[in-house]
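Should a chain be cited, it is by its letter among A, B, C and D, assigned in written order, with residues numbered from 1 in that chain.
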Amino acid sequence: MMSTPRSYILTVSCPDGVGLVAAVSGLVASWGGWLTEVSNHSDRATNRFFMRNVVAADSLPFGLDEFKNGFLPLARRHQMEFAVRDSSVPKRVAILASREAHCLDDLLHRWRTGELRFDLRGVVSNHETSRAEVDRLGVAFHHVPVRSDAKEQAFETIGRFLEDEQVELVVLARYMQILPASLCQRFAGRIVNIHHGFLPSFAGSRPYQQAYDCGVKLIGATSHFVTADLDQGPIIEQDVIRVDHTDTVDDMVRLGRDVEKTVLARAVRYVLEDRVLVDGSKTVVFK
Amino acid sequence: MMSTPRSYILTVSCPDGVGLVAAVSGLVASWGGWLTEVSNHSDRATNRFFMRNVVAADSLPFGLDEFKNGFLPLARRHQMEFAVRDSSVPKRVAILASREAHCLDDLLHRWRTGELRFDLRGVVSNHETSRAEVDRLGVAFHHVPVRSDAKEQAFETIGRFLEDEQVELVVLARYMQILPASLCQRFAGRIVNIHHGFLPSFAGSRPYQQAYDCGVKLIGATSHFVTADLDQGPIIEQDVIRVDHTDTVDDMVRLGRDVEKTVLARAVRYVLEDRVLVDGSKTVVFK
Amino acid sequence: MMSTPRSYILTVSCPDGVGLVAAVSGLVASWGGWLTEVSNHSDRATNRFFMRNVVAADSLPFGLDEFKNGFLPLARRHQMEFAVRDSSVPKRVAILASREAHCLDDLLHRWRTGELRFDLRGVVSNHETSRAEVDRLGVAFHHVPVRSDAKEQAFETIGRFLEDEQVELVVLARYMQILPASLCQRFAGRIVNIHHGFLPSFAGSRPYQQAYDCGVKLIGATSHFVTADLDQGPIIEQDVIRVDHTDTVDDMVRLGRDVEKTVLARAVRYVLEDRVLVDGSKTVVFK
Amino acid sequence: MMSTPRSYILTVSCPDGVGLVAAVSGLVASWGGWLTEVSNHSDRATNRFFMRNVVAADSLPFGLDEFKNGFLPLARRHQMEFAVRDSSVPKRVAILASREAHCLDDLLHRWRTGELRFDLRGVVSNHETSRAEVDRLGVAFHHVPVRSDAKEQAFETIGRFLEDEQVELVVLARYMQILPASLCQRFAGRIVNIHHGFLPSFAGSRPYQQAYDCGVKLIGATSHFVTADLDQGPIIEQDVIRVDHTDTVDDMVRLGRDVEKTVLARAVRYVLEDRVLVDGSKTVVFK
């Protein structure tokens, strides 16, 4: 991404129909725009159309706003939901973490080395444990304890922070608190979680203990959008690792960490690059 | 297995304790027996000990019966459940199948080419569709329809066949009927099923439709021992394959078949080679 | 594929440039054609553009020949190599096999059950071993022995058969003979092989022995287009399976068979569905 | 490992023969020792026997030295090479790194969080880039530049450091320098490297570029013991990840990092827990 030329990424979803690919690519071509990547998908069950287009920015005689304005008439005609983004402007991101820091540390490492490009507005945690690590990187660290008798206030504080910073993506990096439904709705499609189980198996708490008791031979992790239904949001990415009878719950926790980290990092990358479109209770991921 | 010398395979399970490995291997050594493979496992949760031993048959001055008799005093002392088997005597196997024949055909192919060695006593199906294929191989084919108003009789017929043939392993190769609890109990630890879902997700019927609706990114199959609790028996082997938003339910069914076949074949191999010991609701698999 | 409506599949490759996606999709749209799938790829190293388009056949007012004729002017302008195919007309296929029949049997099974749809023109083998199996399915079986002193004649016979039957895809299903360069060139891009090693490791003969001697922890299989350079043609698909120190060469051969079968079946499916485009020494596979 | 009781880990290799398992376990039993884990392997090609035993320390009436002395007569009789180690005494480890720090950082993270337990004697690098990170953890950082005209001195410095610190395991965490043969021999069986290619494919430099040029569909990483033959030492662990035509060399580098980290971490864990025995040009890994 880094070394590629500046692009506009246009994502579209609308009722399926004839000529949608041609309509979109034809319009871009009429502007002299160079479509370097195009992907589409038609969901036959929901009869919905999805498309992701990458247009070389310097092939267009105008900027982002004019792109949007120029696209509006077509969008209206086909009842398209659409978004255009400048690939050179990194997304504004907040990470919510808790005591277990492997996912947070992994994301920070990928961010620091430039592997994942985003504008990190801050880290929120209900524990102080990661403060030193976050401080050291020059990133704002917000300790927001979540006491059982004052949850509402805590999430009001967090909600305000996310709004103030105009956060476009919230990453729950093993944040062990359940977000209130209101927050989930306010940031619908913008909160990504990593669940340490192979959903829909092992939803809820202590998934590794559940997996151990169940005697499964593979354990996994699931990254999904957060909705008001706990552990039920649209799945973005999953992966598994083999275990056997010699592995204790502690071994599973350890092995699982490596899967959690890579699954979350992949899901975050897909979202940062506008590769993920929500299709009802599922996702379309243009890889 | 085929080209290796004849062996006795001794499997043991008992309450855990000091000196069990030494007691077993010492007894075998006192007979002049050559232990070519030994594997053990202690389950700290259930405090149970499991062991699998392979002894070169020609290193012993006696046969299977004397082995068993010679082992009895030690077994009694440590409350061991044990079994000894001659690796050169293939297990007596029956396969139960239905209309979808990919798992049956796959097992027949592995059996015919000698990849899996067992004494195939017959194939039972509630459909006639595989008769020609089975006949051609010189294997007995038993058509036992399972009509909703005569299930009891059907399973009585099947039970009698399994007893008459002294079947040691029953393989449900996508047999779409639910076995009655009585049959499950009579052949406890001797019936292996392949479920076309990644258990405990997607138990019950139409697992691929469930997986599709759920938007998972990996689908899988599970081979397990059959108990009276549907799709709940101890898991022997599992595997998964990646899917994405372009895959329909039909694609999942097709992709899943390859996983079902290999997972079932692996589980059957482990059981044929006495590598699987049941540990409560789980299995110990010595690979 | 089977239940989907009839489509035209248009594949294109040409020097990369501005407006290619729009030019192609716009032309199809100008005919009223409904593009249900579109995939493209630009190889920055070779500066080449690749595209695969699926057009609903009943959205066009004309047939395959007019499609081709209508596309020619655009193709000339952009120096496009292109092909259009009617998805309802199965490709003409020949399978070449040898003594080890697991890949042949697997393909026949997928063909017989309709999982893979193609027009099987015949099976050629240098051994008689599979005749009964092939006969039984009503498929022509051609025994063409390849004696070391009469190779040229053997391959002339085979070449004539392929031409007579207008074969569009030749599958080497563990065919253990090296094809002469002339045959490779005559059917360039139309011969698919399965190599039982993870190429480029273990090219040549006895790859499992090589893998064993090397002590690798994963073994694999590779499906690739056949060129005059042995085991060097563009790779279509690969996969691996885990092994460990307990696995003998025979175990690797057995485990490898399952990988060979699925890798070859996947590659054949991709080619049958026109998903594979050759890009120099590599492939573009639109999944 | 951490929460398990203190154990002695006894590893043995010797010419294969009758009664070896019984001889070892019987001797331990004669001391009242409790064998909690036992694994063995006979390599039929080399006719060599390998064994790993875990004995509960508090079941023995004496300590490590007496264990060794008590074992000597048996070892002599069977020409055994053996080692006994106290599981509660972490191994002395040095990490050699270079500019690319993902493997170093990953190991440091696992070490800091207690996931991998070892006594980290210092980090050596030919660049200053990781100094701050290493310092912060209170670990000694040694900058040893490797100038092309002064390689000998550089490796003398490193060799002296390793000896002074009595290092038992040297981890090359993407250390991009070739160790001199003398150093490889001095620390034979104690240096573990991570190669960013799926060996034996892509030995030497720029493996991802090689993989890209070759058009492979899976890329991998290999952890192996270092010998004087570059990238040829016994393989401990390997893994792969899927790539396709859209992945550039840079993408492969990025994807490969996740595989390198996990493969190296697994190999280091196996070595730390004495699970790896060298068998000629291969390894036995008791998992």
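To be clear about the criterion, a residue touches a chain if its C-beta (ideal position, glycine included) is under 8 Å from a C-beta of that chain, and two chains touch if they have at least 3 such contacts.
Quantities reported herein were computed from a predicted structural model and do not represent experimental measurements.
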Between subunit A and subunit C, which partner chains are common?
B, D
Going by the touch criterion at the top, tell me which pair is linked by more C-beta contacts: B-D or A-D.
B-D
Quick check for the class: compute each chain's Cα centroid; which one is farthest from the centroid of subunit A?
B
Mean-CA-position distance for subunit B and subunit A (Å)
42
Measure off the straight-line distance from the CA centroid of subunit A to the CA centroid of subunit D, and report it in whole Å.
36
The positions of subunit D in contact with two or more other chains are 246, 287
Residues of subunit C touching subunit B in their complex?
3, 101-102, 105, 109, 113, 115, 136, 246, 250, 254, 257-258, 262, 265, 287
Spell out the residues on subunit C that touch subunit A in their complex, using ranges where they run on.
18-23, 25-26, 28-30, 32, 34-40, 42, 59
Complex interface listing, subunit D residues touching subunit C
41, 43-44, 198-202, 213-218, 220, 234-240, 244-246, 248, 279, 281-285, 287
